[in-house]
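Each structure below is given as structure tokens.
The following pair of complexes shares a single chain, chain A, combined with chain B in the former and chain C in the latter.
Now for the complex of A and B:
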């Protein structure tokens, strides 16, 4: 039981890291909370539903298509919303409301076009039988999702630490004013980061039907809270810390499901509050907030 | 501004109360009128914490739900008389507010999302099947109280009057000025000798008690409800948007926000919820992008020009 909970916890942890990393990248670069993140995940799930279940495209093609398409969708969304938002007095707080509005628009649009019915994709479509591990069976799809998460995380690492654009991205994360001063095109770099964020969200969405069992247009808001919890645990603004956050979150979620199943849903919320209060270093350590 | 406070009471609060006191005689949908008052209180309660302390609680509905459950648990478990139980609902919200007061250390988005997580956690706790004996769990609450809609409506108006008077007082008192100073520049304010932590705690608890009391009134009127109904995230969102739309920190702004937008909601939202959700989402986005200060700023700009 314990070993099984730990093993599935690691698998889900890797997946949750993929769920959260896009939100974290956007926060790190733009200092805004993208509450439409969960809705891009939901859109990715819909894309998988048609491309994968409907048209029968192979899974790697679906992943690549979703990432590419949502990367391109993210760019105009960035230019339409973020530069204007950042001119406001309190961009970080207003971003919550702005992107909540976007999330409502996406959710309503999808519900109007495709209805509110619950959809799912049979996990045998991903190929491979159930994997026997420690006397329990684990769907092959879970391993597949965890594998894709590892690949995507590695991709984020390579982008941030091994490319020119990534170096500029990290410069903006560290000190935006100085990045501007040395001639970095903040809007271009931020737009790319936003596009990567939406692309990663959609990629996570491709596997949402397998990992969550089913999906509806309204899964966005709970996924936002999960992403935020994962991101906070692994320290906000540091995309690779998300892997750690995802792991801690995944393992503790699986332990809760195994031993205190009826209280498992409480976990993301309690972890989020707990981490914010107990380890606020890097967030805000003092009794009085800074200006 | 010693005369500004009574002037605002006379110009905004009294006419509004008079309007809502007369409306039941000409319009017979009492439940809808009560809902208007509920949202007026929620918007003004949120205005207290957002307009004066700069905290935007996405989980504001947690206080509303705590009030509703504080009320109904006092009635079902302790057999308390409803009027006393309403006060108990307010006390439950204050207790939750005290429990969550460490969240005030956080700022901006962290605070918003942490308070949302807290409201969700409270809902999950109350709706937990293991606690059915205490809370009714996921099966909801059924109260058997005498049907007294008029008394409930008057009570709601009293709560509204008190909340709005508090907002008006904060706008023109020394304490309110200290809060605004603390919001705009906390370091300078604390160097000027303002006790920032205490001030914020006071408005936080005041806004909690407003939501808790009106939540109790809502529960009394509804009598039968599911946990999701009183912890519906839309209460928070509506209160935030109504307040922002009118202008946070003003007295009349949130009132206009509620009357216009909640009126619009009842006009189209009930029959076509998805069109409303779409329109509401677009409205929120336009509001943040083009009028982050709300309608009140629009009038102010016109007045200055």
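Now for the complex of A and C:
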């Protein structure tokens, strides 16, 4: 059971990294906490539900459509909210309130439009059957989701470290004022980062029905909490630290489910408290400040 | 002649004097306060229940309202509802608001024990009768609290009576090792306690797996694998709809199967399971045969098919989206029926008089949920569901049927074990 818990923990951890990386990217670039992140994941799940079950599209097309569509949605959301927010005295604190409000509006809107009923997507739509591992079985959908997470993480890495836009993004993350001084268009780069963050959230949403069993309009807030835990373990502001955070969170969750299942939902809070007490900057905290 | 005229005139005057007095005392409307979860974790259970209440109130108002014995006439109903967003803290505040600001005549709790828990002490403090619809935790009821009655579900320590009794039959089928997997919320935890007690009391049965999971668990893959590793002959699983869908999804994705599987919500929200494509996993498994799947003949209210048809039409006409007809919709309708019949017996809207009126229905009212029987503490002892085995039809889960296997007086077939 231990080996199985570790194996599934790693697979789930890769998915959790995808869940958290968008929030971390947005915080790293803009220093704002997007509490509507979980709701963009939820919207991605609804989009996937419609694209898979309504239109019968294959998974790669659904992933590409969701990422692209939500990237485009993220751009006007950025320009409508973030520049004004950043003119305030304490944008970090105000962002909590603003995006919490946005989260409530999105959740209520979706509930009114589609109702609160549980929804799920059959795993067979991703193809493949159960995969036998360590004498037990793991759904093929989990491997698929973990694989897409790895691809998306690699994409984020390539964007940040191998492209001109990525270098400008890292410059803003390291020192915004200096980036402005050398002529970087902060709003343009930030809008792209916000769009990527929103697209990544929607991509995580595509797999939420497969990883979480079912979904409703109210899954956003618990996913925010999960994202927070993952991001803070890895280090707030360091998108690639999210991979480490996701893995630690995933393995811990599966160990808790195996040995202390009744207390499994305490985990995000325990991890958050533990990391904040022992290493407030996260496990890869140093790299944030000197990125 | 003069005396006769005088007597007649006096009688007329008295009648005239008394009639306006009764009419003057009668309120222009009966205010029914209700909470519902329009969002959050409880919304899936709460929304259909509240929609069913609206459907019931709308139906009565179209015919002039609800008859109240004390006023001798029908009075329109006004449903005062607030969205508690699945937050027990907010539910407590809103319950207080319904009592003190809206001054409702009848106070309903939101669905589920989780949400009802916060309303129980508020109602008691204000000496207001809480019409508890599905908050079935035995913790809510005590001999010294007359301000609560349970309407649409047997108290959770009695609710699983059929499966708890059936546990004793398991060794005869060849079952030796039993596993229990349950949601740790009151509703499901109390059911698990009742069944665990029955398993432990039987020397021929061994409990090989016994785990609780948090209420918001929606991924059961690892748990299902852990249960399989314990090699049980029977798995008894108790969860809310979201748990159930996820649990059945895990069985589907893993290709897992148990020789005997009982699910707590399997037949309770069957249409929801069908919508989510997991109903096939329920074939040949066992569940309590809830009213939405197992028609009973009601003495009061619509029968199942007419109710389903009327409810779904009303939902469509009122543009309510994503509302399934299942246990929770039936619970809302059941609450309405109990209120309606109690008011027909109530001499006033005094809270203890309302309690007395509800108790006059105990043992007499038979609805789709079965016989309505109140224990002295206000908890529900009737509405016990038989244990059924869900049998696939020619088209699998689409035209499933139910074999009642327990209690013996209702049984229609013997259990098929191991499940094919």
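We adopt the following convention: the second predicted complex is superposed on the first by the 280 of 291 C-alpha atoms of A that agree within 3 Å, B and C clash if a C-alpha of one lies under 4 Å from a C-alpha of the other, contacts with A are read in each partner's own complex, and residues count from 1 in each chain.
Methods note: contacts are C-beta pairs under 8 Å (C-beta built on N, C-alpha and C of every residue); 3 or more make two chains touch, one makes a residue touch a chain.
Quick caveat, the model's predicted, so the values are computed rather than measured.
In this superposed model built on chain A, chain B and chain C take up the same space, so to speak, and clash. When the shared chain is aligned, no partner comes close enough to touch A:164: not chain B, not chain C.
In the superposition on chain A, A:218 makes contact with chain C only, not with chain B.
In the superposition on chain A, contact is made by A:1 with chain C only, not with chain B. Contacts of A:177 after superposition on the shared chain: neither chain B nor chain C is touched. Shared-chain residue A:265: touches chain B and chain C both.
Looking at the shared chain after the overlay, A:108 reaches both chain B and chain C.
After superposition on chain A, the stretch of chain B whose C-alpha atoms clash with chain C is 217-225, while the remaining options among 217-225, 235-243, 253-261 or 289-297 stay clear. In the superposition on chain A, the residues of chain A contacted by chain B and by chain C overlap at 107-108, 111-112, 262-263, 265. Contacts from chain A toward chain C in the complex involve residues 1, 4-5, 8, 107-108, 111-120, 122-123, 129-130, 136-142, 211-214, 216-218, 222, 254, 257-258, 261-265. Every residue of chain A that touches chain B in the complex is listed here, in rising order: 32-33, 81, 84-85, 88-90, 92-98, 100-109, 111-112, 221, 225, 228-229, 232, 262-263, 265-266, 268-270, 272-273, 276-277, 280, 283-284, 286-291. Residues of chain C that touch chain A in their complex: 37-41, 43-44, 46-47, 86, 184, 211-223, 225-226, 228-229, 241-242, 245-247, 249-250, 252-256, 272, 275-278, 320-324. Of all residues in chain B, only 54, 56, 58, 102-103, 105-110, 112-114, 116-118, 120-121, 124-125, 128-130, 184-187, 190, 196-197, 233, 237, 240-241, 244, 274-275, 277-278, 280-285, 287-289, 292 touch chain A in the complex they form.
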